[in-house]
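Take a look at the structures below.
You will see two complexes here that share subunit A, one where it goes with subunit B and one where it goes with subunit C.
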Partner chain A sequence: MNATIAMITFRAMLGRRRALLLFALPLVLILLAVGLKVTGLADLEVSTGVLQRFGLATLLPLLALIAGTGVIGPEIDDGQIMYVLTKPIPRQVIVLTKLAVAIVLVTAFAAVPTLLAGLLMSGMTEQVAPAFTVGVLVGGIAYSAVFVALAVVSRNAVTIGLLYALVWETLLGNFAPGAKSASIQQWALSVTDVLTGATTVKSTVDLAVAVPLLVAVTAVGTLLAVVRLRSLAVASAE
Partner chain B sequence: MSMSTIHDIGYRHYDGKRLGRAYTVRSLFVHNLRAAYGIGRPARAKVMPFLLGALMLLPAAGSVAIFAFSKEESALIRYSSYTSILQVVIAIFVATQAPVLASRELRFHVVPLYFSRPVGHLDFVLAKFAAMAVALLALMATPITLLYVGGLVSKAPDPADQLLRFLGALVGCVLFALVLAAIGLVVAAFTPRRGFGVAAVIAVYMLSSTFVGIIQGLAESQTNFALAGWAGLFAPFNLVDIVQVRLLGAKSTSVSIAPGLQGGVVALAVCALLVAGSIAVLYRRFRKAGLS
Partner chain C sequence: MSELKLENVSRWYGNVVAVNGVSMTIGPGVTGLLGPNGAGKSTLIHMMGGFLAPSSGSVSLDGAAIWQNPNIYRSLGLVPERESAYDFLTGRQFILAMAKLHKLKDPGTAAARAIALVEMDYAADRIIGNYSKGMKQRIKMASALVHDPPVLLLDEPFNGMDPRQRLQLMDLIRRMADEGRTILFSSHILEEVERLASHIEVIVAGRHAASGDFRRIRRLMTDRPHLFLVRSGDDRRLAAAIIADGSARSVQLTDKGLQVEAVDFQRFTWLLPQVARDSGVRLWEVSPSDESLESVFSYLVGK
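On to the complex of A and B.
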């Protein structure tokens, strides 16, 4: 970990108007939760549905994509990464610091709002709120590692990430159940499934399979990012 | 009395033909349209638009192939539903290509260079808007045309009705293209940082469609079908689908559709408002960027 790199990255992610985007996304979830609570519609089934569809399946991949690619992608694109790479700092320290920043951002803007929305809608019933928070957190760590690696490997990281999150996990998941099981979203849901007693949360993947897969994806993503950052070809900005 | 004089040092005036405003707009339009597909740029810029275009064609080609062998009419995907079924791919196209058109010049602060030439602010914005809309129209209309031609070649029944529905779907595509270009360009013009524009556009699409989906699900479980229908106005694909169903006589693809003829008229008005508002906002944005 390197405090200076972390600080610069935080400033790049949260400076000026950019923070507005990061604040606006979870705000929609909180507003939805408040609206459902006020109208008295927030029973257990509705609140698990909202947390799953909005928190886990929409907010989490979106924020992980913004944070994961945003911490390193723009710097590589405009060549500023050279000023960091030419300092005597090991590449794994750079990658781990960037990854840590991404995870902190996902925690602050996806996991915490999920907890708040869950508590607002259903309190502590069946442990729904903490279960989804843990699910979003572990999913967020895996997503962040994958998207940081993508940003180091490809210039089209954001688009590839979107193709994975939307086309693979959502569109193909509806037609081919196999594609659904091979997704970070389902593995995170599996963790949530075990932690809550609510029967409306149903994952297609066993916990014994999901946890090793989450750990493996995170480790492979981090390793790939370190290896590719060792021999990074820096071209001029397009 | 001043001693300064102007010396004629022999610069020649331009006496040739002036090509005029139409030529300017046409040039800007063609340039932006090419940029939307990465033509005239390195291969890296072409990968994504053409990959997404191929993804759009795949289901249509598969559908025609299955129909040609099995002669099952249900194998042909309905023309008017095609855009809604593949809305995710179209949304990703808007998200990746709208920043190419709307944020790149802002990011590198080169907008004033355009306006130091006789290019009107409104012309500049209209050319960009038209280019994005035409790029989207090509993306959406090509697979539908493939479906229609494929059906025609393999002798789908009732050709007159097919043609009518095909033309209806094309009109729907034009509306989809205009609405999506309006939303995509405005969002991208306010997020010039690389990568953020893409994320912001897709965030608007995903949040609105998920939000509306949840509201519609809840409203239908309360048997409040009118509310479910009107909620569709707030998600872009559902909005245009309302116009398709209520005014163009298509069958519904979305979860819920606003009721009656008035639903269609209101949806069409919302579309028009979006397009006009978008052009107004883009005009102000680029005029301001052109001053610095």
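On to the complex of A and C.
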């Protein structure tokens, strides 16, 4: 970890206009939770539905995409990464710092709002709120690693990430059960499933499969980012 | 005293060869990397700065390979051509961050020294996004100097600067060189290189076209055969007179006028009016027809 890189990255992330998205999405989740609570519609089924569909399946991948690609992608595109790369700093320190910043952002803007929304709607009933929070957190770590790697590897990281989150995880998952099992979202849901007694939360993947896959994806993503950053060729101006 | 060494370096992108078999050694003092736009100067600087792997050959700094070796940045400073720094930081925050990234013992003092060196104290507390082009160039320069490196690479440092900023930067680069640093800068403008560099490397179309001190290069450039287009009252008579005089290698009669290939630029321009007067021909127009930098460079490549 490098405090200077973290400071610059935080300032870049929270100073940009896209940072508004970081605030807007979780705000919608919390407003939705408040609305459901006030109107008395927030029974256990509705609460888990909102936390799963909106929190885990929409808010989390989108926020992880913004944070994961945002911590390093624009810097590579604009060439400022040169100022970090021309320092005697091991490349893995740069990647790990960027990843840590992304995870902190995902925690603040996805995991904490999920906890708040859950507590608002269902209190501690069947441990739903903390279970989803942990699910969002572990999913967020894996997503962040994947999206940071994607941003180092490709200039079209945001597009590819969106396609993965929307087409693969959401759309294909509805039609092909096989595709559904091969998604970070399902692995995260599997962790949530184990932690809550609510029967409305059902994952298609076993915890014994989900946890190793989450760990593997996180490790591979991080490693790939380090390897590719080591030989990052800065686009020539010519 | 540090030495950058390129040995038989080539770099290609797919089927396009950007740099072709370049060998050069860059020692202390100011070296100018001269060549037309698109010649491969940036590709070369990127390889020297460790941002591009040579497809073949080797690039080293005092014997240590540069590619995938972050430790060389302890003794190398790089000023990229791209303008963008971290626009949301102030100049001082930016340089201080760079000093910290270098893990300098006293980053505050190092940052203040670098900022003073480029004379940016007066604007150091404004954010970089509001700087002018020349100020950005100077703060980038400070970022490359903050760890006091013996080697400095500058990619097109004068681009977009006004004449006053240009002079200031030239002064600064000269001072850096007087301290014994090895400085390389690229440019496509001969005058810039001539005013600043004691040593010149010329790159044309990816190939190393010439190397040496600027007088030698200058002579190579003015000694080449020059093409002139001459229009006069009587082209045929003038052609005969020019041929008879011997200051031209060939004269061609075209419908636009006379195409003259002069052997000696100065002698020809001095003689032509006399020849015309002596033979009673009135000159209407004398224009050099191949003075573009590209034609100068392509002549050098031919050599």
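Criterion: the second predicted complex is superposed on the first by the 232 of 238 C-alpha atoms of A that agree within 3 Å, B and C clash if a C-alpha of one lies under 4 Å from a C-alpha of the other, contacts with A are read in each partner's own complex, and residues count from 1 in each chain.
Keep this in mind: contacts are C-beta pairs under 8 Å (C-beta built on N, C-alpha and C of every residue); 3 or more make two chains touch, one makes a residue touch a chain.
Not measured: the values here are computed from a predicted model.
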{"item": "First (subunit B), second (subunit C), both or neither touched by A:A233", "value": "second"}
{"item": "Touched partner set for A:V158, first subunit B, second subunit C, both or neither", "value": "first"}
{"item": "Partner chain(s) touched by A:T114 [first = subunit B, second = subunit C, both, neither]", "value": "neither"}
{"item": "Touched partner set for A:S203, first subunit B, second subunit C, both or neither", "value": "neither"}
{"item": "First (subunit B), second (subunit C), both or neither touched by A:D78", "value": "both"}
{"item": "Subunit B versus subunit C as contact partner of A:T222, first or second or both or neither", "value": "neither"}
{"item": "Touched partner set for A:T4, first subunit B, second subunit C, both or neither", "value": "second"}
{"item": "Subunit B/subunit C common contact set on subunit A", "value": "78, 238"}
{"item": "Residue ranges of subunit A in contact with subunit B within the complex", "value": "17-18, 21, 24-25, 28, 32, 36, 41, 46, 49-50, 53-54, 57-58, 62, 65-66, 69-70, 73-74, 77-78, 155-159, 162-163, 166-167, 170-171, 238"}
{"item": "Of all residues in subunit B, those that touch subunit A in their complex", "value": "41-42, 44-45, 47-48, 55, 88-89, 91-92, 95-96, 190-191, 193-196, 198-200, 202-203, 206-207, 210-211, 213-214, 217-218, 222"}
{"item": "List of subunit C residues in touch with subunit A within their complex", "value": "18, 37-38, 40-43, 46, 49-53, 68, 70-71, 73-74, 76-78, 80-82, 84-86, 88-89, 97-98, 100-103, 143-144, 155"}
{"item": "Of subunit A, residues touching subunit C in the complex", "value": "2-5, 7-8, 11-12, 15, 78-80, 82-91, 230-234, 236-238"}
